[in-house]
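The following pair of complexes shares a single chain, subunit A, combined with subunit B in the former and subunit C in the latter.
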Partner chain A sequence: MARTTESLYERVVQTTHIYLGPAADRFIDRQVQNHIHKEPSTLNEADLILLIDWIRVAVSLLTDDSEIVEEYILQLERLAHPKPIGKVHDGYSQL
Partner chain B sequence: MSIRVYQQLSTQTKALLWASIWSIGYLILVVTLPANVTTMRQYHLSPEGFRILEILTGLPNIMVWFMSFYGYAALTEYTEKVSNSREGKSFASIARGLKWLAWGLPISACASAILGAVAWLNPGSVASALIASHYIYLIISLVAFTFISDGTRGLREIINRLPSKKSIRALIAGAIIISVTYCSITLNIVDSQHPNAYRLPLWLILLTIIIPYLYAWLMGFFAVFEISQYRRSVRGLFYKQALRLLASGTTCAIVASVALQYLTSSSLNLRHIDLNWTLIISYGIIITFAVGYILIAVGAGKLKKIEEV
Partner chain C sequence: MMATASYSSGGAAESAAEERAKTEAVFTSIGDGAIATDEFGKITRINPAALKILGFKEKDVVGEWFPNIIVTLDDAGAPVSLIDRPITRAFLTGQTVSEKTYYRTKNGARLPVAVTVSPIIYNERPIGAIEVFRDVTVEYEIDRMKSEFISLASHQLRTPLSAIKTYTHMLMDGYMGDITPEQRRSLSTIIGASNRMNELISTLLNITRIESGSISVQPRMLSLKKLAEEAMKDLDHAATSRDITLTLAHSTSDCMVRTDSLIAKEIISNLASNAIKYTPDGGSVTLKLTNRAHSVVLGVQDTGLGIPKAAHAQIFTKFFRAPNVVKLETSGTGLGLYLVKGLADRLGGKVWFTSEEHKGSTFYISLPKDSNKIAANAAGLVVRKS
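And now, the complex of A and B:
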């Protein structure tokens, strides 16, 4: 069980890494600790929906590009309900 | 009490306070000290004309000091946020180097004003004043570029990527062109004037001026290469956007700083150039320097925001 929750945290960080690079783990840790009030490693699927809402708010403060925000949120939502993955933003194409 | 108040100020407020102190100090020096005879002779200026020129060139310089102090302080504030991360130490080292470059501007301007006045009051000390001003600038440059280079090396180690063959060849070619051109210009100055502009024997010029300057500049250019390599290799859409500003700003600051040092260390060559052209070149360089620090401040601000939301 512990291994599954840890894996979810890691997958959330991995997805976030595409958008926030080296700041990803710190960003997720902050969101989980400040808004879910849990240790990041204990993150589970039930927390994910609330976490995604907070991440949407936080990332909207970093960019006005709602398309990228929605794309990021979609990637996170797929972690909660795994489905075949379509085209993933690689973090480079817009640079 | 006042120390406690100072300690409570933010890093950016402290930096701007220091910029204000330097600016006031510099203006007092310009107004009160006797005019620099060498420059007056060089451009055929009266003491009043020289003073007006000093203030006219000094005011834009002071604006650049404020921008550069603001820029390095913004980066320092970001590094305080990420001090425990892998890249934190590297960015802190770059911020320290940029701080030295920023502080180098008012330090060298004030030192130059004081030494110019000393040379006017005591003509026998012209040589000592010239030597001291050359070494002050050189020491600042060496320390600044060593910190920046340490920082960018740390960033390159994080991405663990070796430079490509093409980029190594380009770096070697660039290093040779800069070194040969600078040596040629400096030796030409030394050879054409008696006593020479540095008031030092040739071997001492070679060992303590030419080699250290080239060492510092090449470290600076390699740092530019390393930070751009880190920017290209690191992931993160928003992180990269902010980092691009920071890397471009650091590049502008380093290139402008090297150009300024190049110009200052071979300033006697400018005798052949019209005063207007000298001012245009100088302003071009300091504007590049200021733009660099503005980009650093904006980039560091964006990176800091990522760490705060």
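And now, the complex of A and C:
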């Protein structure tokens, strides 16, 4: 059960952990520091929106399974847009 | 392939088409290999030079996932992990990444290359990457031959030097009969000169080993304070003979670090002997240890000549000697600080300095307390300084 006090950063790392394993926090920290230039723990929704494209290209070089990449990116988009964004992807249930 | 432009009535469209034509011409005709990828890591373009260097055909490459086609290898020939590859790091940092590495060609050969990768940014979004690379086999071969020559020459020089020192000491110690005071002075000069030559050979050998990556780092927990005291003991005669005060200032702790004792002592000895060498008679050299959270810093402060500001940027460059010391002493190789920096890098440490001409210099070496940084640098071959 998710703690209500979890920050966005923590939720992003938890999601990333599913796909990248133990390297998740280091991966996200580097993305935030290098592209957003702020302390990772202060990540907000607007930052995450900017970051998603960079994460997509980086993860696309770690696996050639485009379905996994898009699944991961979709999870991040859900975190960045807490309200439904009205987008439907083939093969996935509604947001 | 001819670059063509389509002409239309719209100025902007014509301009865009012209730019595309120019880009196409550059991409196709440059002598270095060039590969473009999209945001999904798929190869979208590859130029003739890249195909020739790697031995692929365009149809086998375009549309394929970049890491599957362009395999990066390490020094041992093993594939580099995907996250450590230059192209991945370019996207992790958002910056251009340049480095020398190895690619696997189509026929499985390991090819040394110099690679530069840049993310392609459009409307602040990464949309792909451009990787440019060139074959540096010839440069590697030249470097290897140069290092081998220096190593061979150094070893060959050591043998006759050893004979000179042995027999000179035997003469000094009276094994071949009594000697006059004048003869003793002459023999001392010979021993001093052969010691300097031996030091130079050791420096050249160490530099060769650093540059070839063959220095083995064997870290263990040790007291940097004790190591500094040992180095100072070795230099005591050099300092006292010129009335230079050599002291160690430290906190009460032992300043424990996990590092290689021989390499760390070499660094301390180099810095301290430099300080003594370039300090006028009657001056002082102070070693100071500072315990920090994750590292220990050793400062070597002298009251010597100092370094002119114009020379600061080059002080760790191979063969560089500041103009003020060259005027004072024409001998000297300019290799000592280059060696210090190379050794410090191997230990995961840092070296820097502050200096003002005519007032003196302070050189600092910082060594990490944990060995994780240096573990990554450990090489396979064991060639220790004797």
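The rule is simple: the second predicted complex is superposed on the first by the 76 of 95 C-alpha atoms of A that agree within 3 Å, B and C clash if a C-alpha of one lies under 4 Å from a C-alpha of the other, contacts with A are read in each partner's own complex, and residues count from 1 in each chain.
Quick note on the criterion: a contact is a pair of C-beta atoms (placed from the backbone, for glycine too) under 8 Å apart; a residue touches a chain by one contact, two chains touch by 3 or more.
None of the values given here were measured: they were computed from a predicted structure.
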item: Which superposed partner A:Val13 touches (first subunit B, second subunit C, both, neither); value: neither
item: Which of subunit B and subunit C A:Pro22 touches, first, second, both or neither; value: first
item: Contacts of A:Leu76 with subunit B and subunit C, given as first, second, both or neither; value: neither
item: Partner chain(s) touched by A:Leu62 [first = subunit B, second = subunit C, both, neither]; value: both
item: Which superposed partner A:His35 touches (first subunit B, second subunit C, both, neither); value: second
item: Which of subunit B and subunit C A:Leu48 touches, first, second, both or neither; value: neither
item: Contact residues common to both interfaces of subunit A (with subunit B and with subunit C); value: 23, 27, 30, 58, 61-62
item: Residues on subunit C engaged by subunit A in the complex (per definition of touch); value: 39-41, 65-68, 82-83, 85, 87-88, 91-95, 119, 124-126, 128-129
item: Footprint of subunit B on subunit A - complex, ascending; value: 17-24, 26-27, 30, 58-59, 61-63, 68, 89, 91-92, 94-95
item: Contact footprint of subunit C on subunit A as seen in their complex; value: 23, 27, 30-31, 34-35, 50, 53-54, 56-58, 60-62, 64, 66, 69
item: Subunit B - residues contacting subunit A, complex; value: 82, 85-87, 158, 234-241, 243-244, 302-303, 305-307, 309
